[in-house]
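Each of the next two complexes has chain A plus one other chain: chain B in the first, chain C in the second.
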Partner chain A sequence: MTTSTIHDIGYRRYEGRRLGRAYVLRSLFVHNLRAAFGLGRPARSKVMPFLLGLIVLVPALADVGAVSITHRPELLIHYSAYPIQVQVIVAIFLAAQAPVLASRDLRHHTVPLYFSRPVGHLDYVLAKVAAMVTALFALMAVPVTVLYAGGLIAKVPHRADHLGHYLGALVGCALFAVVLAAIGTVVAAFTPRRGFGVAAVIAVYLLPTVFVRLVQAIAEERTDFTLEAWMGLFAPFNLVDIVQVRLLGAPQTATGIPPGVTGGLVALAVCAALAGGSVAVLYARFRKAGLS
Partner chain B sequence: MPIIATQGLTMRFPRVTALDDLTVTVPEGVVGLVGANGAGKSTLIKILLGLLPPTSGRAEVLGLDIAREGMRIRERVGFMPEYECLPPDMSATEFVVHMARMCGLPPSAARERAADTLRHVGLYEERYRPIGGYSTGMRQRVKLAQALVHDPSLVFLDEPTNGLDPAGRDEMLALIRRIGADFGISVLVTSHLLGELERVCDHIVVVDGGRLLRSQAVDAYTTASGALTVEVEEGRDVLGRHLHDRGVQVHPEGRHLVVQVAGEDTYDLIRDGVADLELRLVRLEQRRHRIEEVFTEQQAPPPGVLPGPPGGPR
Partner chain C sequence: MNATIAMITFRAMLGRRRAVLLFALPLLLAVLAALMRVLDASDLDTAAAVLHGFGFAVLLPLLALIAGTGVIGPEIDDGQIMYVLTKPIPRHTVVLTKLAVAIALVTVFAVVPILLTGLLMAGGTAQLAPAFAAGALAGGITYTAVFVALAVISRNAAVIGLLYVLVWESLLGNFAPGARSASIQQWALSVTDALTPTSYVHASVDLPVAAPLLVAVAAAGAVLAVVRLRSLSVVAAE
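Right, the complex of A and B next:
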């Protein structure tokens, strides 16, 4: 017989295992992380995240090349400065992908399908935010790692110091990722319409950044360095740099860095408040959407 | 054991009362929840899923309390919303696998169940294409598949025939019947169309304005009529007069006669009448009450009537 037939074997009950909350949370996290890079989606969803992922690597690769050719270790970009120097690319990635995670389920009314299952509201939100944080962390940590590895290969001096700076910068990357994800997902969750989310996230990143720089410039002109320093709290990248400089011992990159450990702690508290506030707002937002 | 039992369930929103002191017990099987749009059907489902706390009253689903055991209810039920709820850029397979994992099914089981379920609802090769390109009928099938993929004990289907053409409607109704009869999964299906639920349900609950109008086995609705439809090829009026003369309550309706059954001998009178008058009998049929009559009846029965006997196979 060369032909085959499909036999309807009828409905079979599922008697197998049903895994608990940890498994569901992990599955949800992986699902969202894949979505952040367009995996499991049509090819055009992959273009933007992977293109940005490549672009963000270019300065690091070029820098490592320059260091190894010229043998001038001082040319190596500070690990902690890298995310700030490529902040526009990171912000575009956030604007492009935060709506994928935070708006899509709302736009397509998929949220109730999760909450009619054994998925908790908080778990759902945490998985989304954690996935966005992880994606952003990867985006920044990979080029920083390229810098570090390149430095090792080029045999830059003071290896031990470099390792310390590198690890400090990774903590910084994580903090950048948390702050940006917190802002981006909340903004995207309130702009479910296609395209609006992207514009809104960019606006929320760009406007404070520009405004803060403006005020800082005026303050500097008037030699009011206290104001200049504390204004740094209100721009996302500057905010995290305060923590990097004051608590992680990194050299200064952003303009306004308030003095002492106090400045660092205040900045860290702001970061924590942003993260906590974001989860709380998202929780309320998705809980409501689950009932619509 | 009843699959759903509510007691004095009331849900007030700032401007409307969605449910008003609803007390109803629903047996296993395929159960229709009928009511006009805005009668509180969707609100009831959300409350029964344990997602929306009612203003007052209590309810149990599968013997689990909605207020305290919502999570356990949601492990054991499936839900198909009435609105569009599918991401257009995922394939049906991927989406249903994901939804299976959200119910705790391990990866390989999730894939296997998703493939099985999609086949059962009638999606084959197209299941690998993004949902965005699907017809309404196919989308409804995906929505149904995601509600069934984790093998629930009970599914809530909210207006599953909405937006379907007549053929799609028939297929969906046949599927619902299969879920109840072959899959052994209890179904609570809502619709604002009584006629279609009558065809697939064992038991029907009618709500209006958040109040219970009636809860009864379908058999009870449809056999209580006690009337026969008699159709003869020619001589409808002759037969009508013949029966009337013998004290049978009869009146014409369209091309046939409607005869009230007074007792066993009514059947004999019709048979003999047709034979004596040498008419050709086309149809002699138990006239079934249409559930629609619940709405047109002058006086609705008092709310809270006991559910009728569970419907047998029809």
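Right, the complex of A and C next:
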């Protein structure tokens, strides 16, 4: 029979200054934002985000070139319309990078390593979502800024109006980023298997979008414009365009735009519910992760 | 063909929650068809639009992408493929088995739902449902072979596949007719076009051109996958 004893070999608490919650949040945010573009990772992780970032710029550059060569300012794409016109690329970026942020820790069972340190569950989730939002915002805001700067260089008339539209479009980009990041990170957090996350995120974007478009086409054919307008709430890009048109005064790009400020407020409420719900679901998901 | 590999692959694809995604995709097509029924919009025109716009443009490539990259991609990524490759099984058997599993999945979750949706929306009119099912099967096999080859070649297979399907076939196809002719979707549609007499289905490529292309691309995909799997170098997962 052996008796075991615990020897006091002089364990000590750390009693120095702690860096605090803000530092934790900032570190996680920066780490995740870098991961969203593959920075600090091997080259093959950087290829896709930067390739997609380049592709998303091409139409803006081509448009600015066309405007400055032909001197026809009406050719300049509306700033608020740009994210909708390149929505497929933005969605592919989301599908490619949301699993990088949301599934990798789950796949490699490294979540408990974070929570064995003074990292709050909510902070961890907020940092991830905020990083995805920032990455998506950068992806959409850079080409919109190129359009604006190109317009200034080409000396398009009504500069003051353009500044207003540009700032409105930036708010729109932020809203696009919030809605997309909310959807993408949740879906990716539930599909840790590699490749599945990409397909699941794109499916969740693509299916409602195509579904809504088909129903809208039929509703229009039957002159049922109420159904056509309200169906817009169910497709992510159409949803945010409702807010852009009704609350930010942008010209209409998507098909279904419900009438009046009410339509805009309903759409904004849906966006807020998506963002809030996403953080809540992610919080529940990561709190349990790795403990089983 | 190797029964054990097939069984393991089926289990990996359908195990746990993964099957939910595979079931959800065709379910939405069925909901769409039912909705058209309720809205009383089930004429031949709408049926062709739904089967083409949703079935061919979204459901079929997406399922082929999930199945094609899913049967082999994750195994290569986490290194488990080594347990298969170190067994005395020819590499072409491994690839062909996985390809067959992926095609079976595409048939069950995309081709059959397209057939059923077609029957629900158009009935037996103009052989629309069987024509679309035949096109979906032909296109599905080619898509799957291409995506399996992509999954063996690249780790970004899913994203490259999406770029091909969404940017090349859908986006560029609207602007550049040349890009439209060089797309699996149009070749599959030409099979459908040849089988149904209605004028609502129109492919930009003729069947005598499209059919050999479908076969050639599928064969090239399978061969490429075998060749690349022969000299696969397993690097550490990122």
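Miscellaneous remarks
Rule of thumb we're sticking to: the second predicted complex is superposed on the first by the 274 of 292 C-alpha atoms of A that agree within 3 Å, B and C clash if a C-alpha of one lies under 4 Å from a C-alpha of the other, contacts with A are read in each partner's own complex, and residues count from 1 in each chain.
In this section, a residue touches a chain if its C-beta (ideal position, glycine included) is under 8 Å from a C-beta of that chain, and two chains touch if they have at least 3 such contacts.
This structure is a prediction, so every number in the text was calculated from the model and none was measured.
Of the two partner chains, chain C is the only one touched by A:211; chain B is not. Of the two partner chains placed around the shared chain by superposition, chain C is the only one that A:202 touches, whereas chain B remains out of contact.
When the two structures are aligned on the shared chain, A:79 is found in touch with neither chain B nor chain C. By the touch criterion defined above, A:190 reaches chain C but does not reach chain B.
Contacts of A:45 after superposition on the shared chain: both chain B and chain C are touched. In the superposed pair of complexes, A:23 makes contact with chain B only, with no contact to chain C.
Where the contact sets of chain A with chain B and with chain C meet, they give residues 41-42, 45. Residues 41-42, 44-45, 47-48, 55, 88-89, 91-92, 95-96, 190-191, 193-196, 198-200, 202-203, 206-207, 210-211, 213-215, 217-218, 221-222 of chain A are the ones touching chain C in the complex.
By the touch rule above, chain C contacts chain A in their complex via residues 17-18, 21, 24-25, 28, 32, 35-36, 39, 41, 46, 49-50, 53-54, 57-58, 62, 65-66, 69-70, 73-74, 77-78, 151, 155-159, 162-163, 166-167, 170-171, 238. Residues 10-14, 16-20, 23-24, 27-28, 31, 40-42, 45, 104-105, 108-110, 112-120, 290-291 of chain A touch chain B in their complex. Those residues of chain B that touch chain A in the complex are listed here as 46, 49, 51-52, 71, 74-75, 77-79, 81, 83-90, 94, 98-99, 101-106, 109, 113, 116, 120, 130, 146, 150-151, 178, 182-184.
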